[in-house]
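One chain, chain A, appears in both complexes that follow, with chain B as partner in the first and chain C in the second.
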Partner chain A sequence: MTALGAPAPAAQAGASSAGHLVVTGTSKRFGAAVVLEDLSLSVAKGEFVSLLGPSGCGKTTLLRCIAGLLRPDAGRITVAGQDITALPAHRRNVGVVFQNYALFPHLTVAENIGFGLRAQGVSRAEAAPRVAEALALVRMGEHADKPVTSLSGGQQQRVAVARALVVRPSLLLLDEPFSALDRKLRETMQVELKHLLREVGITAIFVTHDQEEALVVSDRIAVMNSGRIEQLADPATLYGRPVSLYVLDFVGQSTRLAGRIVAVEDGVVTVETSLGPVRAPGRFAPGSRVAVAVRPEAVTLGEGVAGANRVSARVSEISFLGSRTQLHLDLPAEGEDRGVVELPRLPEGVQPGSRVTLAFREADTMVFPA
Partner chain B sequence: MTMDRLGTGIAWTALILVIAFLLLPIVVVIPVSFTESTVFRFPPEGFSLQWYGRIRNVDGLLGALWLSAQIAALSTATSLLLGTLCAIALVRGLVPGAAAITTFMVSPLMLPGLVLGIALLQTMREVGLRDAWWSLYLAHVVITLPFVMRTVLASLSLFDFAMVDAARTLGCSYPKALWRVLVPNILPGFISGALFAFIASFDNYPVSMFLVDVRTKTLPIQLLNYLEISPDPTLAAVSTVLIGLTVIVLILCDRLVGLRRMASI
Partner chain C sequence: MSATLAAPAAALPPLRRRLDPMALLALPGVAFLSVVFLLPLLLLLWSSIRGEGGFTVNGYVRVLGDAYYIGVIGNSLQLGLITTAGAFILGYPAAFALARARGYAQVVLFALVFLPLTVSIIVKSFGWGIVLRRDGILNWLMLNVGLIERPVRMIFTEGALYAGMINVFLPFMVLPIYSVVRMIDPRYGDAAATLGASPWYRFTRVTLPLTLPGVVAGASLVFSLAVAAYVTPSLLMGDRYMTMSMVMAKAFLNLRDWQLGGAMAAVLLAVAAMVVVGASLMQRRLARHGGAA
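Up next, the complex of A and B:
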């Protein structure tokens, strides 16, 4: 395991404090469509970063540029201080786990894992123990001689990971690695894979459109929007302090109310919304159109703490989620207003149609330009 | 119940008749080739191998066989390479108008051989290519390419090109990745395409007819010439040899990839 995780000597020699993977000013267009726009990103050694965004935001294009499967139109990509922008894919030593794993159906499990070693000229005798080690690492030892087509989804993923890791890449890229698995298995594999990669000590980039998955597997998440990184932060910051409505909506749920600034004092603005005035920390000119938002678990029913925002709303729907209960609020249908509140336990007497008072702290309230 | 049985009976009879109709003319050739008689007649009289011996002595027959084998093998190999590369570009959408180009590339299949032959003769004259061997080779690339394209396109449409990317990230250059991953996975399509292409070239008459010269004749043309001069069982002997070779090739293919897999392409 340690041998597998040991970085290649070249990678160590060239390491710099600037970050293990550094993408600078990278652009890519397909015809008239700009897919990556002057994008920059720095990832530290051993860090797990997710590229999160809807399809078409450029996350897979960025991954393919890093892997060398696409050539960016502009910009520079370095790994461990070495400029790899012009290197072809087969000389980059960047491992990739593909969306549908792209295992070779004409080879067995062990042959799939040994493929990269053989391609790099490692002799059969030298490759065998390393393949065995990789098989053991992903707990697939007993399946070594099976055809890959006979494996389950989770097993196929393990083989794909082992195949990418066995050549000791300087970087591992994973393209929607869990999308082919069913929900239950996905949750297990997320934790398992995170643990495994941590043990190996590799730097990993996950591409995903699933915000829950990104929150589970990443140290930091880059939320991407039309070819650019909208926000790059750790999961807690991203969730608690999103920089834009786009990030707010993409990561987690929230109650969101459109409004207009009616008062400004000492870095606190008062916003007139469809549910009444709401105060939030922020700096906006009076009269600006804004949206205020609060995360579902930051809201309590009743009066709340002193000085909290209080609004009154009608409950439209109640969803029991097991560990918590979700209330949906009845808001005017026009506009993008919506209301979601999550409570550890449903207070007695609250049912669809009930009018409730919601309280949330000023500090938990966010305000964005609309 | 009895109606069912009657229906089944009729179906079986029809099946057997159709198979007999397809196979009997071919099968009859084999015993005729062993006849002692000098005429092409069934049932054969006596047993002899003289007609096999004559294959060597008939003027131009072995030469024609060798020429046809050469042309078929080389044009098939050329088509495999060109057809596979074209098919990759078309399947991956690397060229605009891929659908139209695909239709164009397989269109010689739908064109009467005579038309193609005259057109090619005209073209070769215009560009000043007078050599019969090269004319035949180029014409047969045109004949064989659609067969290869069709089967390779079919297998490629089922192929996941992420595998090629995977091979590249694991240390294979693009050509090496194609060789190590793409070729083994489309092998059934490759072999059946090659087989069809080889046979299409080997027994092509209408196109070759326009391009041969006195000294350079392909086997089908040489055989027909011979038949006009002396219709003896030598032809049956040649046919039997070809049937034997075909059976051997089919068995090899079955061993290699399985006929079932090839037929499904």
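Up next, the complex of A and C:
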């Protein structure tokens, strides 16, 4: 285990001053389409960062630029202080776990894992114990001589991770590593992989479009939008204090109401919405068009605490999710208003069509320019 | 009918194995080939072992015991090997270009591969004659550029024959390799690169092994076609370079020597069969090693 890397230094969220991976002013365009736009990112040694965004946001392009599979049009990429921008992929020592794993179908499990060592000129005799060690690390020892085509999805992922780690890369990139797995296995593998990578002490970048996955595996998440990083923060900040409606919508659910600022005092604004006035901390000029939002679990039914925002709405649908119950609110169809409330348990008598009073604290209410 | 339907379920598997409905799909093809191919072939082989007084191996003794005919068989094998090697050297990179090309470029490249197939082999071979003649285009060009001082004899040389043969059979090498290359996930190369493999290592350890099934298919196709070639060698070389097919034609058409022609046909068939069987054994070995997912 120790041979695969130094023990993990405690990863510190936001410790970007001494960046292990530093991407500076990187741009990439394909024809007229700008895929990365003057993007900068710094990742600390041992840190796990997710690049999160919808397809086409540039996250995979950024990953390929870091791996050396694409050459950015502008910008600089350094790993451990060394400028790798001009190096081809095979000279970078940046490991990649590909979507669907890209295991070599003509080689066995052990041959796949040994491929990188052999390619780098390690003798067969020297490679063997390192391959065995990597196999043991991902608990695939008894499958060493099987063709990779006979493995299950979870096993293939383990082989792909072992294959990338055995050459001791300075950085590991993972492109949608869980998308080929079914939901139950995905949740297990997310925790297992995070634990494994932490043990090896490697710096890892995950590319994903799945916000839940990003929240599970990352120390920090970079939410990407059309070639730029919209917000880079730890999961709690990202969820609790999104900087824009885009981040708000991409990470988690929320009740969101469009409105207009009607009053401003002491850093608290009052917004007139379709459900009535709502107060929130913020600084906007009176008359501005804004959207207020509140996370589903920040809302309670009934009067709530003193001074809380209170609005009245009709329940349109109720979804039982096991550990909690979700209420969807009946809101005017036009515009982007929507209402989602999550409760630990459903109060007696609430059913679709019921009119309920929703209470949420002023401090939990967010305002965004619309 | 109702009795069949009411048959106990346990009796079904052996019944199914005996009468796989899918096997019926081969029936029209098998019937057609039996009449137009298998029957004449058997008659041909029969004629090779029929002599004055009944059964004889005289035809085979004449073919395999005569230095001239051994030379002819050698010529055919050599022609087959050189054509296959040449088609591979030109066709392998071409198949990659075809598979990786997009849009307009791919259409043009496809046309370049397919158009020669639509031109009759006779037209093509005459075309070569025009290019390679003493007063042909190639000599004229080289004279004017100053590469040569007097016309070079090219037609009726072995070099011209190989060039013509490769031209005729190249598509049969390109297409099987192309179909395999097209199926290879480009991420295999990416994965190998990120593991530190140089471009050469990636080619020899990933790309080449994965394309080998296509190479085997293309090579066996080109070899069996080239070893049996008749028109191109006849037109480009004539009697100076006798191949097995040319001897057969002469035996049947000029000499009316069915024994000789039949025996030569049997030898050619044996060579082709060895290539086809060898290739499919190789394909199965490649597949067993995990080549096919």
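Everything that follows uses one rule, which is that the second predicted complex is superposed on the first by the 358 of 370 C-alpha atoms of A that agree within 3 Å, B and C clash if a C-alpha of one lies under 4 Å from a C-alpha of the other, contacts with A are read in each partner's own complex, and residues count from 1 in each chain.
Definition applied: a residue touches a chain if its C-beta (ideal position, glycine included) is under 8 Å from a C-beta of that chain, and two chains touch if they have at least 3 such contacts.
From a predicted model like this one, the values you see are computed outputs, not experimental measurements.
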> Overlaying the two complexes on chain A, which is it for chain B and chain C: clash or fit?
Replying inline: clash
> Can A:G95 be said to touch chain B (first), chain C (second), both, or neither?
Replying inline: both
> When the two structures are overlaid on chain A, which partner does A:T108 contact: first (chain B), second (chain C), both, or neither?
Replying inline: second
>> Touch test for A:P147: chain B only (first), chain C only (second), both, or neither?
In response: second
> Is A:Q120 touching the first partner chain B, the second partner chain C, both, or neither of them?
Replying inline: both
> Taking the contacts chain A makes with chain B in one complex and with chain C in the other, which residues are shared?
Replying inline: 67-69, 88-92, 94-96, 98, 100, 102-106, 115-116, 119-120, 163-164, 167
>> Taking the touch rule as given, give the residues of chain A at its contact with chain B in the complex, in rising order.
In response: 67-69, 88-92, 94-96, 98-100, 102-106, 115-116, 119-120, 163-164, 167
> Residues of chain A touching chain C in their complex?
Replying inline: 67-69, 88-96, 98, 100, 102-108, 115-116, 119-120, 147-149, 163-164, 167
> chain A touches which residues of chain C in the complex?
Replying inline: 185, 187-188, 190-199, 201-202, 205-206, 209-210, 286, 289-293
>> Quick check: in the complex, which residue numbers of chain B touch chain A?
In response: 160, 162-163, 165-174, 176-177, 180-181, 184-185
